[in-house]
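Look at the two complexes coming up: subunit A is in both, with subunit B in one and subunit C in the other.
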Partner chain A sequence: MRRLAALALLLALLPLGAAGCWDRQELNELGIISATGVDVTESGRWKLSYQLVIPSAISAQGSYVGTGHAPVNVFTTEGDSFRGAVSKATQEMSRRLYFAHNQVVIVGEAAARKGIAELIEAYMRNGDSRETVMMFVTEGSARLVLEQLLPMEKISGAGIVRLITQEEKQGGNFRQMTVFDVAQELLSPIRTTGVPGIGLSGSDEPVDTVDAAKMTHTGAKVRLQKLGVFKEDRLVGWLSTHETRGLMWVKGKERETTVSFGCPDARLKRNSIRLKQVRTQVIPTRKPDGGWLMRVKAEAAGTLLEYNCKGALDKPADLLELELRIAQELKSDMEDGIKASQRLGTDLTGFGNELRLRYPKEWKALEQEWNDRLFPQLETQLDVAVSIVRTGRSNGSYEQAAEDSRGKE
Partner chain B sequence: MSKPEGISAGQIGIFLILFCIGSTPMFELGIDARQDSWIALGAAAIAGLGVLWGYRTLQNRAPEEDLAGLFKLHFGRAIGTALGLAMGLLLAYESMRNVRDFGELTSMTLLPETPIWCVMLLITGIAFYTVTKGVETFFRITQILLPALAGSYVLLLVLLLASGRIEPDRLRPMLENGLGPVLDTAFPDLLAFPFSQTIVLLVYWKYAAASKRAGAASYGAYAVVALFLVAVNAVIMMVLGPAIASIKALPTLEAVELIRLASFIERLDILVTLLLYIGLYVKISALYLASALLLRSACGLPLPAGALMIGPIIYGAAFLEPTNTFHLWLGLELSLKLTPIYQLLLPALMLVMGIGWVKRKAERQRAEGGRAGAGKTGAGKAGGADGAKGGSRSGGEPRSSS
Partner chain C sequence: MESGGGNKTAGSGPGASDGTGAGSGGARSGAGDTSAADRSGGGAEKRTGGPLKAAPSPGRRKSATPLSASLAANAQAIRRQFGDSADLRLRMTESPAFPGVRLAVLYLQGIVDENGIRESILDKLQSAPPPAEEGRRADRGGLAEATERLRAGVITAGLTEPVATIEKALDSLLLGCCLILIDGSGTALAADADGGERRPVGEPISQTVIRGPQQGFTESIGTNLGQLRRIIRSERLIVESRRIGRQTCTEVALVYLKDTARPELVEEARRRLAAIDVDGVIDSGYLEEYIQDKTFTFFPTLLNTERPDQTAAYLLEGHVAILSDGSPFALLAPVTLYRFFQSPEDYYQRFDIASFLRLIRMGAFLISLHLPALYIAITTFHQEMMPTNLLISLSAQREGVPFPALVEALLMELTFEVLREAGVRMPRAIGPAISIVGALVIGTATVQAGLVSAAMVIIVAFTAISSFVAPQVNIANAARLMRFLFMLSAGVLGFVGIISLDLILIIHLAGLHSFGIPYLAPMAPWVKGSWRDTILRMPRWSMTLRPALARKGSRKRQAGGKP
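Right after this comes the complex of A and B.
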């Protein structure tokens, strides 16, 4: 009898092992989202767009060519609150929205100017939509960007991630900003951040149909362009790509980039070098009159890519003059970046943070007026050193060789 | 004849490490001190070493007694029994807190749809099973768990380093507002939780009474775990920065979530959840077991009976707190102001009033108990020998005369 009772008890306990099944998720019940777009309506409501992956269309080999089905489906819901808008998706989508694979969030300009605090809050609080998604701003509507197909990619959301990863590694103009990074920078003492811009360039013909893949060229292209400048969670302006790169050097975030420079007395910059950042150091110092001076020391090293000037390059002394010229070029890039962010009254350089680390007591008095009054008038002194580590597979330039052979005749 | 329950000094050390880690990395403790939280935690850890010394000194007066026995030695039989029971209940409360933590953690991360009663029932059930198996088994379990826990934390640290997310500047400026706020944060809150929770050792030390090195092992393990906790705290701060660390409910999870390596090592927060599970399991079981052991030595209740009594109390009490916010407020704000009474003041009182005479009293008792009872070698462990197999003998032979 006792054994029977024990057996009955054990059997009763058995289902407990299946407790995890409460949270089962069946793949064929999910709508996997690869990118999200954020816009606002005229009345100020959130308009969220989702790029939904269509599994059957992406299962075939190759890029989006071939299947004849669109690989993604874009749709939009509206709501006063962020998650309120998300929950309305149940009214028009037969699958449960699954955000764990959402990799990109694109914010339209109007929404960015309204403020992204609610977006950050929604991403931080919920476990399913994580703050490791990458954030972009676009000058037009975010939905339009989501609708575009990328030539080499089936899922354009994932393609945009590859785009920015490549850009950060090779191009050196923009770097990835996740929602977390944005939140962290906006919560830092200087309360500013820059978010890479994304937009359409090329012809006005949008690439939102698979028929576009039948041609050898695409109309509009999704392109990284400009930097959206945020201050206290609102978009306050844009920087050009060139200015953004200068700031990357100032902040020490540059990995590798190609810099063009000119020959003496030449207007066009016909030479280029592949530069890697070695070190950047920002040293705030106090001027005798009580103001502040930011000394930026940057070091870069690189390999010549092309050289179309006259003169030999065989002795270290030959390179010296060249290095100075490149350093000058880099310096003016950096200056452009600093000036642009001063123009917007937004400390994108991180100078304020450096100042706080070195002079915590003084910083308390400066903090309130930093972005609006002190930073725009800040004096900077740039000290740039470039070393040409190697000159590639040529020594002197082709130009020089051609001239030498002419001289011999 | 069953072997008396006994554990080694090394086991005590391992237990202490796991117990102190417990759920501590769940929270960014000392966040009120902002980027100096690690200094606050370090200061509390140093003070905690003093507390540990106090506990150990108490234990040395009567190596074969546990907390309930020490209460009886210091305050007499009646008050001692009452205090022992009260302490048992307080430890059960602490265990309950961890059960609730376990439930909340699961709902927040792994199983949001699963009802919390089910999660908490499972963990309480596992803890109950552990407790019925007794001290030796539990300490062996901690030995098995340590390598997994230590290895995983090291792995996470390496990955965080590799991901380049660690920014030492986030700890600066150090002592921005002076030492005042840091010390305010450290005392009494951080001293009370996690460091003064080592009071459970006063229940377990007696099972290692045969080992001469139990004290040294405890100090060593404490130093290791204190360093570890301070390091984890500092690393999380270096990753998140004070602003984000203060708004996130589970900062460690947040920090680890940021790891993205080689496009496939990401979302490691699940790993952290599993590590926290190990820590919480050890803590729940340790406090539950300690509570049952105190019940046994305070009023002779056999261990399985005690476990059966306390289990439902722990499980039921976990539902008394209406919300997680209330749970966290009660645990990390309110009860930290109260726990020092029994974790610090009461032991301090015993420490002072018992100088000299308690040790002699304990020795006299042991001598008497030794003559009356199990003989020379068994006497030391007699208090712990019962209960393992149903506890038919009355608990605490050495204390039978007063």
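Right after this comes the complex of A and C.
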């Protein structure tokens, strides 16, 4: 009996050894991909570029300067379908492509104009390439961006993630959009979204060699610029960084940003304030003539960073006047954003969604021509309030103080 | 002189039971109801003094030959039994108390206190006053009377006892007695002269504490029991002594606190001890294997300790302790899993740090069990679980490593086990060599040679350190063995393997018992109020109840309440 039990146990354990190790994948058999680029060929086939991390070049002490090896390697495969292109990588890559740590997907302009539905499908369906990957669009070829090295980062894919994270937290011009976010916004009733653009700026000299790090400055720089505007699943146009920030305020996605403003009757915006968004509220209202009016109430609070105008900031009246001036500046920023959005005929403001929530019945009639006809003509009323929480360590401006001291003599 | 007479006289001693050993031994070899016979026959005795009083091991002597009247014949018989062993000493002497009668003093050199024999036996014999006139009759009656007088009034050794059989004489010699043979008498005298060189009480080497008592048990059971008695000065501290081992005849003491330990528990411990029939008990580890609940488990169901303070604390909570002569380790029963992560020092330090340290110990145990397995599972199956930078760093280290992570881990763990064993077995003088070789060979050279990755060395090292945290070596050893199972299952099935094995382990633990107490108590089954001293240690004044294993109605141990 006992012998029988032992035999049964042995038989039960045997398949473990056979089944196991099947999915075993040693670390040094993996080709870790940190960023993917999506382009199209002229014939319309997908051209996928992969930024492959070379661990041994990275792990050595110090930055990539030390080893003299490039920390990443970029290569490209082509295919009619997304995963079809990926599968061709085996023909030229000795390791299994490992997408779980892919953090960035950059879509070239041509590909973006062709449509990103297939990309979203590929990222949503597969477990290894995740929909939490951050998406960017670039005006040129995506592969070119992947080839660039970032001065402070060993892996440029991860560096781009840090770039957008910092921008969202500190700069306030762009926010990160994952593939999931993009899909969600494109599936929303207004079917539009904005994807941060990434591109090269500076000189034409690309930073795609380790030697570039031997200099104290780099030629081309990877830079977040413009907002790729998507309607349905296609890129339809670009918004400038300034307009994008205006939209961030309208959508209530702004975290913290620095706003410059001028003195009364001055051309240059010589003053600045660090503003935090407190609240933004969008209230759609029906006008007596049957049209729609969007009332946007925005509140912001901030710390004064620079002040070069007249006026004593310890006086409530002067402070109030200043707050109104900043609010006016902010309001014009927001208006720029809304106008640019209306110009493209894409509701990046999310007004359509607000309208749908408040007036679901009416929305049904509006939905079809919202982006093309109704939204561009939409009337808006902005109501911006700014409060200065801290004026910093001085009251009046230094210029004022200098003037006062001259007056005393 | 028949053996019955011997029995009668021996019976006069307090709690003595000469002859039951032989009797029950006969029962053992004959009938099947050995345990019943042992129990009812008083296989265990209350320990009242010298080695004589503990019952000899069952089945040790199968016959009882009466001593003859001739001293020469008796001495000859004893000598022959000992095969003329060199350590058997015989000294002829005379005493004024027995005019004209030859006396012989026998003892085994080394296990007796020779100075003591000289002072309390030989000197006394030679200076004993002559008997009164009527006692001079050299017949047996007179001799018996003189012998009794000798026992009662002359010999000043701690304990004396008449001996009537050769076997009893042999036993008493072996137990460290000095045997006085009287020519013409069939009764000899055995005087306790237990002594000889012993290790003095020292620090417990295996369980050190920073704060708390610094003395440990020694190899001498008398000393050990004394240490316990010194801590618990109560007549309720009961010591039941017995001899186990056909050849070694080792004294084994069952110690408990009357009215606190459950009678069922004591009875069960008695029964298990009585059932042991072995030719030798060298260490309490021998006993542990016989009395533990389950043999085929990695987990110890008895706790061994070198510390009298810990033993006393357990006794106060209603546990029983089993001490064995020759072993500085007492066995404590019953124990639960959580006990193995408690150090006696927990109670001597502040409760907050004690609680923290207990958590650390349990955490370290889990780490020492799982860490290499987790590493294997994550690096070979679940790479997506790592942060990217860690993955890249690990993958850079593995670049060029020739073996799969599982092989790498097994290799390193085995190397460590070999080094560790070498460190334990090596003579002290060459000990440092081990650390040099260990540090250089595993630490540096293998990594530099690209045989294993640096991360693996860190993993193995941290696992090793974690396994040294456990206050009980027992439980660390359990983790040591199971670690390999975990590594294998992680290498085969990844996290699924680890979790499956964890489940099997928990089921196994839930099924374990220690002397009738569930091994996972008081967590499973949950015992209300016991949490105060399980994973955490609450302030002493708040622990008003003894653990649930204590006798019903005696759980309250203090008034309680904040002082």
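To be clear about the criterion, the second predicted complex is superposed on the first by the 393 of 409 C-alpha atoms of A that agree within 3 Å, B and C clash if a C-alpha of one lies under 4 Å from a C-alpha of the other, contacts with A are read in each partner's own complex, and residues count from 1 in each chain.
Convention: a residue touches a chain if its C-beta (ideal position, glycine included) is under 8 Å from a C-beta of that chain, and two chains touch if they have at least 3 such contacts.
Predicted model, so just to flag it, every value in this text is computed and none were measured.
In the superposed model, A:M124 makes contact with subunit B only, not with subunit C.
By the touch criterion defined above, A:L357 lies against subunit B but remains apart from subunit C after alignment on the C-alpha atoms of chain A. Of the two partner chains placed by superposition, A:A213 touches none, neither subunit B nor subunit C. Legend: residue contacts after superposition of the two complexes on their common chain; A:M93 is shown touching neither subunit B nor subunit C.
Looking at the superposed arrangement, the partner reaching more residues of subunit A, out of subunit B and subunit C, is C. By the touch criterion defined above, A:V278 reaches neither subunit B nor subunit C. Shared-chain residue A:L187: touches subunit B; no touch with subunit C. Of the two partner chains placed around the shared chain by superposition, subunit B and subunit C are both touched by A:D23. When the two complexes are superposed on chain A, the residues of subunit A that touch both subunit B and subunit C are 16, 19-20, 23.
Those residues of subunit B lying in contact with subunit A across their complex are 108-115, 118-119, 121-122, 125, 169, 172-173, 176, 240-241, 243-244, 247-248, 257-258, 260, 266-267.
Residue ranges on subunit A touching subunit B, taken from their complex, read 16, 19-20, 22-23, 124, 127, 130-132, 178, 180, 183-184, 187-188, 353, 356-357, 360. If you check the complex, the residues on subunit C that touch subunit A are 379-381, 383-384, 388-389, 391-401, 404-405, 489, 491-494, 497. Chain contact summary for the complex, subunit A toward subunit C: residues 16-17, 19-21, 23-28, 30, 32, 34, 53, 55-56, 58-60, 98, 100-101, 103, 128, 155, 158.
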